[in-house]
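Two complexes, one shared chain (chain A), two partners (chain B, chain C).
Up next, the complex of A and B:
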């Protein structure tokens, strides 16, 4: 594993380029744009789970001070893209997203049904309480358990039997059943709600009748631009989306939600810029969440520890109008050398709002089941779970039947075991104590596809030798701008302080959503391509005034410290500044795109992680303390060891919440969440998070991209929850299969 | 939040006069609970009477008791050296509550009067007899994991969320109040009330009464005291169950015991029978276990809080062990 020695830009734990802006408040978030004439919106949410709005009485609200409008389906302008039975924006989830203020139908509790607009936030909030809404209620269906039998195959899988969501069998279907040792186990992941620090917010205004600008908390400016252009039937270039800073998103910004359209409607109707920020409670009802998911695993093995079969079933909840699916079962198909693997994926549409990916998405949910089951069968076989995983390790992808691009999982497991002190772990649970506390160790493996997409980057080399890059990509927190500066510095030979990377604006060149741990590979590759393009131009221009550069190949030239020189005779050199000056150029401005090649069909590309935890459990009060975490990460080249470690620590923290605290509980009589603020819906506090030791293999994977990176944002959380559940079992002998593992389950 | 007017008073009498005149007025101290409730539309006072300038912040040792002013801040009380020396139980209880920032604003009087954290009380879209008498108890047949196992009624099964009050209950404090009818003293055990048919009323404070101070009698509990708060994260969470245990031990024999629980009833729950049992008994886990059994007599659980029937006695034993330094 890598030692922390930094002699080059790549890997340097450089401070974030925007760190100072963030800690001094100079960074502007979507609700911080004070445009002239700005007005404030407050959403009114439904208080029933299903039915129709009967009447809206907004008289009192309209006569309250400062109120400009009460907008609902009764008076909202018709969004041009909202034709009957079709929706212009194809939601990333499939189905039809909720159309804001379209008709009187209520599909879920907490649905936006009206909006008050006033000159100040306080006045809008006050008036929102004065609006009286009457409903005709229909019988709703929100309870997963009592409706489980009504689950369905996703329509994608119905249409295409080759879809990853379709039923899958390798070898014999349910082959585990004939194994000498077998277990059948059910696991529950409750609903976990998106609660990034920054609430969902948008500032919207119409610059002209047909020109829309939004400052919006999203994970992609280009996808959002496309969505709103379709929704409002505008030329794409007439929609500007700015998302310069995002205060955490975790998947919450991968979908455009009804409140965004609501704000755009209001801005249009009032012809004023409007700011709309959801309340913390509203975050629970209308902007996605990790869906409640039931899973069943059947796993069988030989007495000497060979897995003979795994069957993994999953049912996840979705809304009645959108089909949200995620990749819960993929890892079961490729992680271990089982000859027989079956997976079955189903959805359960309920009268709830649509879920959305939440960090590590389906894989994190799936890993809770798979990695718990691995621990359970290892215990049944009386084999150490680390040993057991190494015994069933696979050196090629048994699913795609392709070689891995790179895979250093074994090394990760061995390092992690050593660093956590696995040798102190007792095979027999409930036997190690420290004072009043029971001690336990557990581990869980995580994996996520190492994706790369297409993107373009603009690069502008200036006469003073500095360089500017632009990309539409957002930075939802990992430090994208910082990583891009480091990649650029390495590849263009200009020190980081002379590089600016601008992002978060749809006017800039194409980039996909920031999500799926693919941005460094995708945009970073475009940065490398842009640097190469600029370097080629510089060499050609240098040759025009210095003949010793004529006919020289790129690989024989060094580009460093703002100069190019001949590798063999470094005294032959020219600075970028001089090259531009000699050409009488004030700048060198290019746009370069980049996309993956054929590698996806030749190799199986995944990142891997393994999380080891030590927990302390108080047997009398049921308190669980996570005492230590060691995470070993196989994510290719690490561009910045500080921001990368920061990602892992954040993911582990999310995993602690998932394992021990987070659950949005619904009262099904009302179809309404009852735990919907931070007093009732717990996330970890600092005191819950121990020292997290992070180790990176830091071995490049040049098949994935030219930097050798593989994504790491998702694998930070995948495998953490089962590691904790396994450690709790090791400490107490109690196996908790329904998250979160709260004290009441352990006494 | 509704529109309201705001005045600030400098004298006790002015506060009482102001509130007597105006039935829709409320006192505001630290505001950490009241403004939350106002923002959510749970209470809507038309006038706020800011009492923060009243001279009620003093912490003072009197002849045989300690007096803590109603406006003393939770953090100031917890950091006071007199309190730390003589009332460690109170310090622990205070420090287990809320967060450092909130304790810096919260006052002793406000803490006693904080409202329940019942989910149904907090959501105006759901029924709650405490918030809206006659609308029904949402928790009774609903999600009642955090709810009472003692002293509830079919109108309300909410619990009182204060940690400080559990310690004050165990320490036999007395509340000093003034009001339209003059000053009076209320024993702490009579300060909060059980829900009965009037869950909308949390305490026996009369309309318009102002809390001036709490008095805590001197007692030999400083050496053996422990406040145990069980919750699912390390800090910043309300108690699933809490136990205040204070013991006077001589030569391994318990002379006197004080026990109260939080998170189990509409008021801090004093465990008088268990206290009686422990008096004169040796410090031993067996005796603690028996005391816990006695304490739990009459407890009854709902659908989601049955764990409290076990966590309760477990926590009593654990708190007694820690307090007596047995563990």
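Up next, the complex of A and C:
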């Protein structure tokens, strides 16, 4: 395995292509475009969780200096798509999203109910405080625990019994119950909020009556373009979405939210560009979150350590108007050799806003339960948890009954154990000390589907030998542009400094949302296909002026350093510049699409990770300090080891927050969060994050895509929280099954 | 750009004019909330704008990134919003507005402050340095170079604040060890989680010994 220390990397840890823009403040995010006549919006959110708006008194606000409008359901122009039965901005998994300023109904505390627009931010913010809203309040349900019995099967599963969300049994239902050693365990994942550092923001303006442009903080410019085209009943090409830089998202840009439509309404009504940036408080209830989830695991094994059955149940919170679902239980079906597996997935609709996938999404929640339960039963069996996992390792997918495309999890586990110093771990908890600190080791496995979708890219070879690529894809932080330049460089034979990759604009060719760890596989494959297309054209053109290239096959030609040459006689060569010149071309411009073939369906495709953690727990104060993390990653080919390692470190950091700090706490008397800023809702800071050692198998998986990549953004966090919980148990003997593991739970 | 749409009532003008137009016209249009006659009178006679001009704004001298600026701002305008919204210096980021995230860190007279917790008028006569003013022309500051080399960021949004804080951290003498760096950089949140790389970048600049 290749160790990731930057001066020792194998492969190319190229600096980011947009690094200079990011360190100089030149990178422009959605609220940073200066447009003539720009005005500012401030959203007013409801103060009740359920009911109707009785009256809106905006007189004082309207007479405040600089105020241009107070917009609400009382006066908002009708969004044409709202008249349809289905809301056009389709929800990710079911139901009907909230329609901004549509009627007087309130579905959750914090719902946008009005917006003040003024010439300056200060004036808009002040006037927003002058708007008085009266409500007719209905009784609300926001408390998960007291309403848990009302959970329901997702409608997707009701319609289709073969849906992955439907109840599942392999072997005997609840087979764990007859095992000689068995445990039944309940786990709680509290509501967690993405909280990217950039506040959700949009700058919207109508270039013409039927032409909309938005600078929007989203994870996909094309999906957003489609959504707004439907919402406003416009031809798709009349909507332009620009998201050149996205200040983090972690999933909350995978849905179009009501504030975006509110800004577009205001821009239309005022015929002005409008800038709207949510407040940090609004980030807690307007743009999704990881849903509060209850899980129960029944697990049974033979005394010699063979898993005989696992039953995994999950109930996740959703809103009353949208069915948000995620893949919490998938890994339980495929991770271990158990002959009997049952899964049961339910939703609990409450009077809250809609959740959305948050990094690692359901799999991270599910892994907390599954990987904690694995540790618990290993302890009950008196077997080392590393050994226990290796004993139950599976070389084919027991769920789909297919071979893995690639799987190097065993190697990852063995390397991780060695690098963390697992040999120093005591099987008996609470027995290792360093000074006054208790020391513990834990591990957790993560997995996520290795997906590849369809995409297209434009490639434009210039007369000077440089090449430009364009894709609508966004880069929310992983370094997409950098990875694409590297892929292109290798496949077109042009050095990186002569390659430009433009992204984040819906005018560019099709790309899906940046999410689900699928972008390198999806867009990277399109880049490879575009390079192949260009190379074929170059060879054909070369043959027109140089006979020795006539009839030569592609595989007999080298493309390197901006030249093509015969593999067998390299002195026969032509530069790309000369080929274009001889053809009297100023550029060679193509658009190439790409999608996965049939071959992949014969395999089960997953990325794998294992995280090893050493913690120190202070027995008197209950403070947990993560002392060291080792993450071993089976994600196929690594395109850029520097940015890839950074992704893993970031996922581990997110996992530290999930395990030890993050929980959005609601006061159910009002259905409102009491944690609404970083003083109350803690996220990891510098002092919380130790050195993270990252190891990549770096073994290609050509079944997933031509580069051999499998995706790594999600597996970076999946399995981290249970690794920490297991380490805390090993240090203290205390098993915490409700996250986060705060000091009060340990003392 | 002028067009007849329901609820559309403003021609493209300067912001101060447009509100008065709105007030005048809104009495004729039923599109928006009813404007009381007193407000209409006030608007017609430009009371609010006169009042604002007379008492709401105050003059302010700031040297920003080496350029002397004579400004007129409302006292409630934060240094952060002045930079971002009025001077288009958007390199300084807004992440919380409560002084809890560090994204808005700038230097005033060489020391780090949170520009969201600072009213612009409080800094009258001071020297402000933002991320846009850190490099020496085209030559990046060593800390900017180190952030690129060590990949001390992902999305880039907290980065200007991290870099301004990192420079100050060394100047303050709080970068003597990795633990000390972690402690004194803990006011700057990076949600992408690039912390270990940021610590590496700061350590390297510190060890390099160049004046920062």
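Miscellaneous remarks
Note that in this section the second predicted complex is superposed on the first by the 735 of 747 C-alpha atoms of A that agree within 3 Å, B and C clash if a C-alpha of one lies under 4 Å from a C-alpha of the other, contacts with A are read in each partner's own complex, and residues count from 1 in each chain.
Basically, contacts are C-beta pairs under 8 Å (C-beta built on N, C-alpha and C of every residue); 3 or more make two chains touch, one makes a residue touch a chain.
Not measured: the values here are computed from a predicted model.
Once chain A of one complex is fitted onto chain A of the other, the partner contacts of A:672 are limited to chain B, with no touch recorded for chain C. When the two complexes are overlaid on their common chain A, residue A:661 makes contact with chain B while staying clear of chain C.
Considering which of chain B and chain C touches more of chain A, the answer is C.
By the touch criterion stated above, A:620 is placed in contact with chain B alone, chain C being left untouched. Shared-chain residue A:246: touches chain C; no touch with chain B.
When the shared chain is aligned, chain B and chain C each come close enough to touch A:684. Within the superposed three-chain model, A:18 lies in touch with chain C and out of touch with chain B [touch as defined at top].
In the superposed model, A:122 lies in contact with both chain B and chain C. In the superposition on chain A, A:28 makes contact with chain C only, not with chain B. By the document's definition of touching, of the two partners only chain B reaches A:743; chain C does not.
According to the touch criterion, the shared surface of chain A, contacted by chain B in one complex and chain C in the other, consists of residues 122, 126, 677, 679, 684-685, 687. Note for the complex: chain A touches chain C at residues 6, 13, 15-16, 18-29, 31-32, 34, 36-37, 39-40, 56, 58-59, 62-71, 74-78, 118-122, 126, 195-199, 208-209, 245-250, 268-272, 277, 279-280, 476-479, 642-643, 645-647, 649-654, 677-679, 683-687, 689-692.
Looking at the complex, you find that chain B touches chain A at residues 1-3, 39, 41, 117, 119-120, 122-123, 125-126, 138, 141-143, 145, 228, 230-238, 240, 307, 310-311, 314-315, 317-318, 327. Here chain A touches chain B in the complex through residues 47, 122, 125-126, 129, 435-436, 620-623, 625, 660-661, 665, 667, 669-670, 672, 674-677, 679-680, 682, 684-685, 687-688, 740, 742-744, 747, going by the rule given at the top.
On the chain C side of its complex with chain A, the touching residues are 1-3, 5-8, 10, 12, 15-16, 18-19, 22-23, 31-36, 38-39, 42, 48-49, 51-52, 56, 74, 76-77, 81, 84-85, 88-98, 100-101, 103, 130-132, 134-135, 140, 144, 147-151, 153-160, 163, 181-183, 185-200.
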